[in-house]
Amino acid sequence: MNALLGLAGLLGFGLLLEVAPRVGLVPERYFPPTSTILGELAGQVGERAFWVAVGDTVLTWLLGLAIAVALGVVVGVAIGSVPLVRAATSSTIEFLRPIPSVALIPLVVVLHGSTITSTLILVVYAAFWQVLVQVLHGVADIDPVARDTARSYRLDRWARVRYLTWPTALPYVVTGVRLAATVALILTITGELVIGSPGLGQLIATARQSGAVPAMYALIVVTGVFGVLANVVTRAAERRALHWHPSMRAEVPA
Amino acid sequence: MLTVDGLGKVYASHGRRVEAIGDLSFEVETGSFVCIVGPSGCGKTTLLRCCAGLLPPTSGTVTLSGSPVTGPPEGLAVVFQEYGRSLFPWLRVADNVDLPLRAAGVDRAERRRLVDEALDAVGLGDAHRAYPWQLSGGMQQRVAIARAIAYQPRVLLMDEPFAAVDAQTRADLEDLVRSVWQRLGVTLVFVTHDIDEAVYLGQRVIMLTSSPTRVAEDLTIDLPDERDQLTTRGDPRFTELRGRVYAQIQKAKLEGKAR
Amino acid sequence: MTAVLTRVGLALGLPVVLVAVWWFASAGSTDFFFPPLRTIVEVFGPTWFGERLVDDVLPSLGRLAAGYAAALVLGVGLGVLIGSNRWVRAVTEPVLEFLRAIPPPVLVPVLMLVAGIGNGMKILVIISGCVWPILLNTVAGVRAVDGVLEDTCRTYRIRGTLRWRHLVLRSASPQIVTGARQALSVGIILMVISEMFAASSGLGFTVIQFKDGFQIPEMWSGVILLGLLGVLLSMLFRVVEHQVLSWYHGSRTAQKER
Amino acid sequence: MRRHLAALLLAPALLATAACGSDEGQSPNAGEADKVTVGVIPILDVAPIYLGVEKGFFEKRNIDVTLEQAEGGAAIVPAVVSGQYQFGFSNIVSLLLAHSEGLPVKMVSNGNNSTGVDGEDFAALMVSADSPIETAADLEGRTVAANTLQNIVDTAVRASVRKAGGDPTKVKFTALPFPEQPAALASGQVDAVFVVEPFQQAVLGQGGRTIASSYVDTAPNLTVASYFTSQRILSENPELVKRFTQAMQESLSYANGHPDEARAIIGSYTNIARDVVARVTLPKWPAEVNRDSVQRVADLALEDGLLKEPAKVGDLLP
């Protein structure tokens, strides 16, 4: 039922955007009707350049995400497992985290030019914090009784990480990955758009430069689809990883 | 007078029909204290929600002072079982009590007086500025009762209000409810699954069957009006009435299982 | 006393060490793109405290404030409307999910077409990015209003404005705040990006100008200023959140202890 | 601190993408062609190097050229300095600025020059048909769109304003890419634009009118842009630079002498429509840098406050 209503909503939205420019409610030059956008999209899908761009975007996105997750987990577990280190780093983390990643754009451009490396740096920087913070929460969430039990059975450090820290932190890691995936996608496209590294963002910039408005919209739709996919996939992964967990955690203001 | 006439409620979900209430009829005299008991899961809460106008019945009617109840009627207050969820956690105790009065358009000075009186009456005269979650469970339920008192309802419905508080607090709260009823002269319908509580509190006890719920028996409690935890519960008549209610509920349970 | 000292030491220790490391490691730097920290600090004051504060920094912050405020009003307003009606919610949900999933910066070129290159465009860009997290979180929050509280309001005939103010908005406020926090970081990003596209003033614009003019220490100082602003705004947000949600954190702690 | 942290974080990223990154410090193997990457901007101005590559002027000097397109001169300069590109193309103001800020850059060849003919240059300061603006002096208090600020464009526009008797400090500039300028002018978002070909044709097409040929106003036969390299390449491999300069000079001369072939090659690396390519005004491509014009631009940049102190033009020129 809800799915049907939602579909109706999508269709209605598409119809609205089709009709509004046609009847002159909004200028057609700036708001091409849905059919034009979809036609343009179909045209793009047939082109090699489009798929190359998609490939570049996905590569940057996933590579950035993978690096951020790996770093976030390793650094998070390392910091989180030693209370003193955690206490000593918390102010630094709280300071570095809100630094807007786009502030780094001029720096990376100067250092690495319009390359994928530049965009990757932005992506990794932005996504890393999402993972790190969740991992730190996760490691802090270890049940004290379980910890004492592990100690009393004289599990060594590695076994503790393997059987205690990791399972406790896993749901948080997955949540972190979900949040990081969204942020990473935004920064990937932003980097391509602003820095000009190859990918969908750069195609949008090119479309803008040549005044190809429908192409711009078509590509924006594609980025939206990527965003939805990222959400759906990571949410499903989250449910899978968490199904055994007592609380399907919602993001709470921390 | 609160009249329940031929009340029935059927829940339909996922293609399954669940008949929660079969056919219920009873009356509650104005100013009387009626307890409703029944085996767990017999639709007590459903009945109460129908009476409060929170849930439309599938069949039959609820009438309050001659007018049918189609939505929450004026002059009716409810004390819910889940005290933790019925108080606004973002409002202080006094503001929680005050909010319904503001909605009713009572002027500021009068509201203040009513809130003070109500909180004093439940023994929370010094908790005005606290947040509900800073109080114990029993105290939170006192706040909910104070809110009902300050509202000056003609009818007060209570849905297993003490199910989740400890035994000692519970005894105190029972006495509190009795005294509030006597002082305000409200019509009080008190739903509980606790047989002792029902007999101790009410002028009448209406016993329900398992669902689909019907009235199993309507019993007048002929204990003296002045009740207290020691003497009333020690009274042989109390034991006798209690035994009778107990037997009836056991029977209802067995019948329920047999079905 | 020692406890306080330890805490201060722990909070300041690492940052001081890191800055010191940067300071000394870069002291003799001859790499054009990594000027000594000392040089950056020296140019920081003259670069930003003066005309640029009025001409660039404040207009940027003004646009951010305007866009963010508008997004809050719009997001909460629409969110409450959508969240309190099951049908509207079902119909709009996929559309909203899609709109939210669009990376906000890609809207900059489109909005430039529509709204030109002035303040209006930049504010619109900020709104267009900030509104989604607020809107969707509000919808979720409104939807999750406690059933018992809802019943309480009904029986006590608490309706209209009182109900919106004291039930719906307050119930949803933890989620609204979550959305507002996400929106703030998106807003800062968009403030900078919108100025990188077409502008004659603003923080993002100025930093790019420094880059194009090869004034690398000044550019670094701009990057640091942006970072400091991000940190400052997030601290400000925390203060506000503490005010708005003190009941929420209190009740959660109380629940955990029970 | 952030930088160090970032570096730390990014070490794996850099390793992983080393393949797409730069391969600097390559040494020429005997017998094999020297591989060089040249950063260019996809505009008319660089037609000679494309033509030269096609004609084999580089190949016959044992240089294997890869042309990389970048956003603008300001982006190419750091890439050349860091060794990502061996040579680059940039307007001379960006080079003067870079040089004055201490970046080790050195011009190696002329890039392109204005036609020197007022009203018939490949770039123009333009207003819309119904604009009250008659001369550059009327731009006081108005907004002019420039593709990027702090380069030859705003310097040239200020030169036009000055020449027309106006006060250049009172002109406001907005950074807006060339392709968007015609629309911005038409919708009144800016009062004037400074466009190069083919956007000059676009503005003409919508009825716009030229109020000044700013490059002509700046200096006679102004050298607008040039090819450059880094001091490091120059000192490590002066002989390669010499060969590159020779190949460039041959390319420039050839392009200057064969405008039709230049037009044809423009169509291959830009998206400019064929009929527009046929119409555009081409720049001039002399083989030698117009030294006086560079000095003149340096003086103007100093006057405008772009440069803090007089540029050592002699150090920058080839």
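To keep things simple, chains are lettered A, B, C and D as they appear, and every chain counts its residues starting from 1.
Here, contacts are C-beta pairs under 8 Å (C-beta built on N, C-alpha and C of every residue); 3 or more make two chains touch, one makes a residue touch a chain.
What you see is a predicted model, and the numbers here were worked out from it, not measured in a lab.
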Those chains which touch subunit C and also touch subunit B: none
Chain pair bearing the highest count of C-beta contacts: A-C
Farthest chain relative to subunit B (centres taken as mean CA coordinates): D
Chain at the geometric heart of the assembly (C-alpha centres): C
Between subunit D and subunit B, distance of the C-alpha-averaged centres to the nearest whole Å: 84
CA centroid of subunit A to CA centroid of subunit C, Å: 17
Where subunit A and subunit B are represented by their mean Cα positions, the distance between them in whole Å: 51
Whole-Å gap separating subunit A and subunit D, where each centre is the average of the chain's CA atoms: 37
Multi-chain contact residues (two or more partners), subunit C: 15, 18, 33, 112-113, 208, 211, 216, 227, 248
Touching two or more other chains - residue numbers and ranges from subunit A: 99, 104, 107, 109-111, 208
Arrangement of touching chains [line / ring / star / complete / other]: other
Complete list of chain pairs which touch one another: A-C, A-D, B-C, C-D
Touching residues (chain side subunit A, partner subunit D) in the complex: 63-64, 67, 70-71, 96, 99, 104, 107, 109-117, 120-121, 124-125, 128, 196, 208-211
In the complex, subunit D residues that touch subunit A: 2-3, 5-6, 9-10, 12-14, 16-17, 20-21, 70-71, 75, 78-79, 82, 84, 177, 179-180, 183, 271
Footprint of subunit C on subunit D - complex, ascending: 1-5, 72, 74, 77-78, 81-82, 94, 97-98, 101-104, 143, 148-151, 172-177, 180, 183-184, 187, 189-190, 306
Residue ranges of subunit B touching subunit C (in the complex, touch as defined): 49, 52-54, 71-72, 74, 76-78, 80, 82, 85-86, 88-91, 99-100, 102-104, 131-134, 147, 151
List of subunit A residues in touch with subunit C within their complex: 1-2, 5-10, 12-13, 30-31, 87-92, 95, 97-107, 109-111, 185-186, 189-190, 193-194, 201, 204-205, 207-208, 213, 216-217, 219-220, 223-228, 230-231, 251-253
